[in-house]
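First the structure, in the form of structure tokens, and then the observations on it.
Letters A, B, C and D name the chains as they come in the text, with residue numbers starting at 1 for each one.
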Amino acid sequence: MENLVQAYNTTRAHTQNLCKPLQIEDYTPQSAAFASPPKWHLAHTTWFFEELILKKHVTNYKVFDPSYGFLFNSYYNSLGDRIQRGHRGLITRPSVDEIYKYREHIDREMNVLLKNLPSHEVLALTTLGINHEQQHQELLITDLKFTFSHNPTYPKYKDTNYTCKAPKTNEWLECTEGVFTVGHTTDDFCYDNELGAHRVFLEPFKIAKDLVTNGEFIAFIEDNAYKNPKYWLDNGWQWLQNNQISHPLYWKSINGKWHQYTLSGLQPVDLEAIVTHISYYEASAYAFWAGYRLPTEFEWEIAAAQLDWGMAWEWTNSAYLPYPNFKIAEGPLGEYNGKFMNNLMVLRGASKATAANHSRHTYRNFFSPESQWQFSGIRLAK
Amino acid sequence: MENLVQAYNTTRAHTQNLCKPLQIEDYTPQSAAFASPPKWHLAHTTWFFEELILKKHVTNYKVFDPSYGFLFNSYYNSLGDRIQRGHRGLITRPSVDEIYKYREHIDREMNVLLKNLPSHEVLALTTLGINHEQQHQELLITDLKFTFSHNPTYPKYKDTNYTCKAPKTNEWLECTEGVFTVGHTTDDFCYDNELGAHRVFLEPFKIAKDLVTNGEFIAFIEDNAYKNPKYWLDNGWQWLQNNQISHPLYWKSINGKWHQYTLSGLQPVDLEAIVTHISYYEASAYAFWAGYRLPTEFEWEIAAAQLDWGMAWEWTNSAYLPYPNFKIAEGPLGEYNGKFMNNLMVLRGASKATAANHSRHTYRNFFSPESQWQFSGIRLAK
Amino acid sequence: MENLVQAYNTTRAHTQNLCKPLQIEDYTPQSAAFASPPKWHLAHTTWFFEELILKKHVTNYKVFDPSYGFLFNSYYNSLGDRIQRGHRGLITRPSVDEIYKYREHIDREMNVLLKNLPSHEVLALTTLGINHEQQHQELLITDLKFTFSHNPTYPKYKDTNYTCKAPKTNEWLECTEGVFTVGHTTDDFCYDNELGAHRVFLEPFKIAKDLVTNGEFIAFIEDNAYKNPKYWLDNGWQWLQNNQISHPLYWKSINGKWHQYTLSGLQPVDLEAIVTHISYYEASAYAFWAGYRLPTEFEWEIAAAQLDWGMAWEWTNSAYLPYPNFKIAEGPLGEYNGKFMNNLMVLRGASKATAANHSRHTYRNFFSPESQWQFSGIRLAK
Amino acid sequence: MENLVQAYNTTRAHTQNLCKPLQIEDYTPQSAAFASPPKWHLAHTTWFFEELILKKHVTNYKVFDPSYGFLFNSYYNSLGDRIQRGHRGLITRPSVDEIYKYREHIDREMNVLLKNLPSHEVLALTTLGINHEQQHQELLITDLKFTFSHNPTYPKYKDTNYTCKAPKTNEWLECTEGVFTVGHTTDDFCYDNELGAHRVFLEPFKIAKDLVTNGEFIAFIEDNAYKNPKYWLDNGWQWLQNNQISHPLYWKSINGKWHQYTLSGLQPVDLEAIVTHISYYEASAYAFWAGYRLPTEFEWEIAAAQLDWGMAWEWTNSAYLPYPNFKIAEGPLGEYNGKFMNNLMVLRGASKATAANHSRHTYRNFFSPESQWQFSGIRLAK
């Protein structure tokens, strides 16, 4: 209990810390339907606590502002109409200041509630809300980077540029065949999509101990792989053509030298750092070009204990689908994960932008195969 | 000269006055490719003076910030690359404060220049820049209204709601046939599209002394005219279907009563006020339904001296095309008007959002036939 | 009367003659929403006589096939629902043979009707139907050419390649200022859009006696004019970029030499022939590049008696708008022309594909400014 | 060998038999990018034998027509450029007659080759070509149905309406847990995507012995399930909204009674027949609404021996992904299957339109989740 209150307050404070380097002007604009503004992240995570906990579990609770349900609901059909996804950046009012007041208000109410012997349901929902807010902390960073990248002045967010590297081992981890249990089995928190633990049979496989580096990826570019359909899935090849893609997101060649926009501004590409901002299509093409393949999410999960991970979300070759016995909850929580299990690929691991202690071996992240704006990278298997 | 300095300073101050009611958050977001953010209007009008006057007519002039040319050029191909039109709302930096400093800096430089016996060319360009800024004053208001209208909280900009009405006369002004000169003929300022004064022959016509009111327009709606293709141009009918249009922009029926979003918030529609936020397609359909037609721009110009006008931009049935002997200037100024003479319709008059003394009988405003976001209304002819 | 019967039968036979070189396979497919298949043209022109004349003026007339009203109505809202415009090529049944039977049937009925002292209304409608069919004769050719052009085997339709040339005079016709009457004034047939004859004042102008040739147009291409925004209307420039246009429709450079697809197959471009398959945007850019302008439709009409014309439809700089006192007829005929008076440009003259005796000085043809698939060319003015 | 020659000739003849009821007009038009015309199917299957066998394995083979490689290549990047997929319906020439001559020619050449002790490679390629042609036999039927369905006269192809039913058992097959081998393991023909046989662990499951009937599906419609987002995947819900889907493809309510377009024309929906022309989104929503789920492709494969199947392709809840050790062949055959393993779902079984002996337990069919035009149905699992 103590721990939960503390986790709540720490998480809430951390979100606001992430916003410290922002100017007021940075909080509102939206650069793509998939990328929400900082103000919206601040408000939506707060609305989650108000809508799912306070409104139901505090007697006579009075909502902070009746318009916020419409403004800050993300995608919950069961919670009513909401602003069109691509219009989140048009909400100039309420002001940033009002949103911070909203956060204060909800934090006060949540602290009162949590200190008064809350029910198991409230505790569980609070834990979910904390994890939900951690997910948005990462999105806040990646969405901000996407918006800043449209500005030719290359704004700097922080001194940290979020680039990662590790000593190169060039080694493969060998895994033997067998029946393994995958999915979440302990009492700790997990998302519903990790439940339905079940057995899988894995044929023997090897998985790389290293992630692919920028230098290695440049060899792929220089081999004209972006121009050769044979390495690409058909949809990936269409995506390249339609969007004229010829390098990872945020890269730019200046006088023949690769640079990339980072959260510290435009910088030369570090050849030894791991490549990120890679779509599944690029990851898949790279693996094919290199003579290997991507691991499945189950191979990754079984190998994870013996791998160093956490530098980038790692594309797997598994589609995001329900586990056997996956249950969709009644009500709005049933919309959290299940309805997205279509045409998305699973990523495993975590990135430098992921909240501390947020990920685990069974964690299933998922994005559409053309997504590049996450810190997503490549680990090979064979 | 004195007058010009004063006109310059008054105009520049007025733009900033229009922004007084704004919060910092209101300055940046963009709600449509055609509607620019306030910060962009503030900067672009300033860039116009810097780019076309200071850079060329001040010795050793040093540009305020080299990135501003890319950020705040609107559509001048001859002045180089520029940010994509729909991305103007992503420029969170420079901050609002920096843009105000930019304005101060340019104002200081312009005042120095104007006080030192500037050339005729500088005077002419300054006059153009003032008129250019006045145009953007109106756009600033209409673009802001468009953005605010996407916010379900219906933000209030000012107490003034920009609605107009005048006593109804139900009279027609009769005009006799003859050869008339149209276009600008005095030495006062005008845009290049008004030059090339020339003679036209007008058959006898009658033009309404009143503009169409909201009450009259509601009769059109209640006659199911939005559902009857016979009143509509074919393109207009497609536009209705594709966008599910069934009333003027900003209107909303609440419990069977028409309301409209105004710059003072959501208000009941005033039946005696003139109808505004009407596309050409709607104006044309209304005229056909009522048994009349829209005037041509030349009929309007010849009748203007005997009409009360200035409450709304009035759609004419004239396409925006060059006058005989219209000359396209060399260099960037040639891009000001001429290249838009295609698929647009001419509006005459002025609206309540138009800068004082900005319009005149020969003034040619122009928008695409589906545009609704201007204060545009209907005057009938027969 | 005799003449009308003869005109009817001649016109009907001519349409079928145009189809003689076709294979059955050529009759059905549709290559663009704007380009209808031959079978559809054959049936639609027939439906016009059945729907507007026989159904109303023959007692107890029984329609040939009740489904044809849906299949072969083009755009008449007042005559009911109809197949989506882009789906005309999916009507594999009725067969070509059945459509020819339909034509025979209607021809028989029309001949009976016309031989029995028909009313003035029937005579007028028959004349309209003949002219309507003549319009479709030209469209049949241009639409077929568009479809064939998508076939890399470059099918040959006829030995005639529809290319035109005339001796070059390099002369200008000078026209003096004055008040002129434009529009149709005789009792001969004309379309409703030519009525409302009225006076216009024309300033003095000069109009070229020649049309622009392929050789002259190649100079425009070789001056990189397709890459220089300064010659183009803004919409034209967007059109170039979005569609990657760099030469007239049907042109193709083979080993550095310009070829064009013609109705006789792929052939080298004849430098002395007039340029055709030119959009208004290209015509306008060419005129600007050459230091001239396009004539207005009224200048063209007044000069026409002294010009050689008929080799290509000539783009004018006039938007397609109603004449003063233009009346929209009640019922379906009101939809023939009036509802298209928006965002289109007027072309004057006639082309080699135009039916004999179909055009006249007052004739107003009209297409959207990006249309290239007609035999459209350029005459300059100044 | 004898058998192979016979299989070749039987298959080739069957394709032509399928076309017997067609009129010449039916052979060419194309109703969607995904649905090819009969003439194209006839030619493409023939080109496959010419391109992959005759050109490489007959000395001095002279191609029948050099333009056919461009016209009839489907998607093989390694075999050169080809006509845009949506333009297949514009190929009016070569005529239907010429394509039949092409088929005769290739058949003659193939028979000669096959009778002269061909290499193992030729035999394997011939077997592949036969299976390829069988796939196109089914597509020929489903694509034709799609085209005919756009014709409001509802053309009849055959007396057979391709509807299936079986006595209803309401029983479930129970399957116990265990490690199973999936994928092709015998020497018989299979596609590359079935190779890489491997072991999977299956948790215990039950699978329905019956397919869902039209009557059962109508209960889903009548429960307003098409209007309730809670049953739908998020992408499915978008698909419904964007395309205004409210029932299976080809269904139409006439006076409150469901009818469907069949290959025998428009007919009342048979409540006891199985539902077909269902997208994965509809199958998934139905299963959720009914309280069950779809089987995975491995569950299906393991249960298949004890199921009656073959009435409809059955959507599984498995994404189309490579098996472990899946190998992509060198050259054009590597493009046959592998590059499509993205954003598609696996279907198992066969339909009434599938060629006899074409399917098997390990067969993996695959379509995008919104595809409705195949004879696709629903089998439930739990």
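Just so we're on the same page, contacts are C-beta pairs under 8 Å (C-beta built on N, C-alpha and C of every residue); 3 or more make two chains touch, one makes a residue touch a chain.
Per UniProt, the chains are A, B, C, D = Ergothioneine biosynthesis protein EgtB.
A quick note: this is a predicted structure, and the numbers were derived from the prediction, not measured.
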{"item": "Chains touching both chain B and chain C, listed by label", "value": "none"}
{"item": "Centroid spacing, where centroids are CA-atom means, of chain A and chain B in whole angstrom", "value": "44"}
{"item": "Centroid distance [mean C-alpha coordinates] between chain D and chain B, Å", "value": "57"}
{"item": "Gap in Å, rounded to a whole number, between the CA centres of chain D and chain A", "value": "37"}
{"item": "Touching two or more other chains - residues of chain B", "value": "none"}
{"item": "Topology of the chain contact graph, where touching chains are joined (line, ring, star, complete, other)", "value": "ring"}
{"item": "Each pair of chains that touches, named by its two labels", "value": "A-B, A-D, B-C, C-D"}
{"item": "Complex contacts: residues of chain A adjacent to chain B", "value": "23-31, 39, 67, 70-71, 83, 87, 89-96, 147-148, 150-153, 155"}
{"item": "Interface residues, chain C side, partner chain B - complex", "value": "75, 77-78, 177, 179, 198-201, 203, 205, 229-230, 232-237, 281, 288, 293, 317-319, 321-322, 324-325, 328, 334, 339-343, 369"}
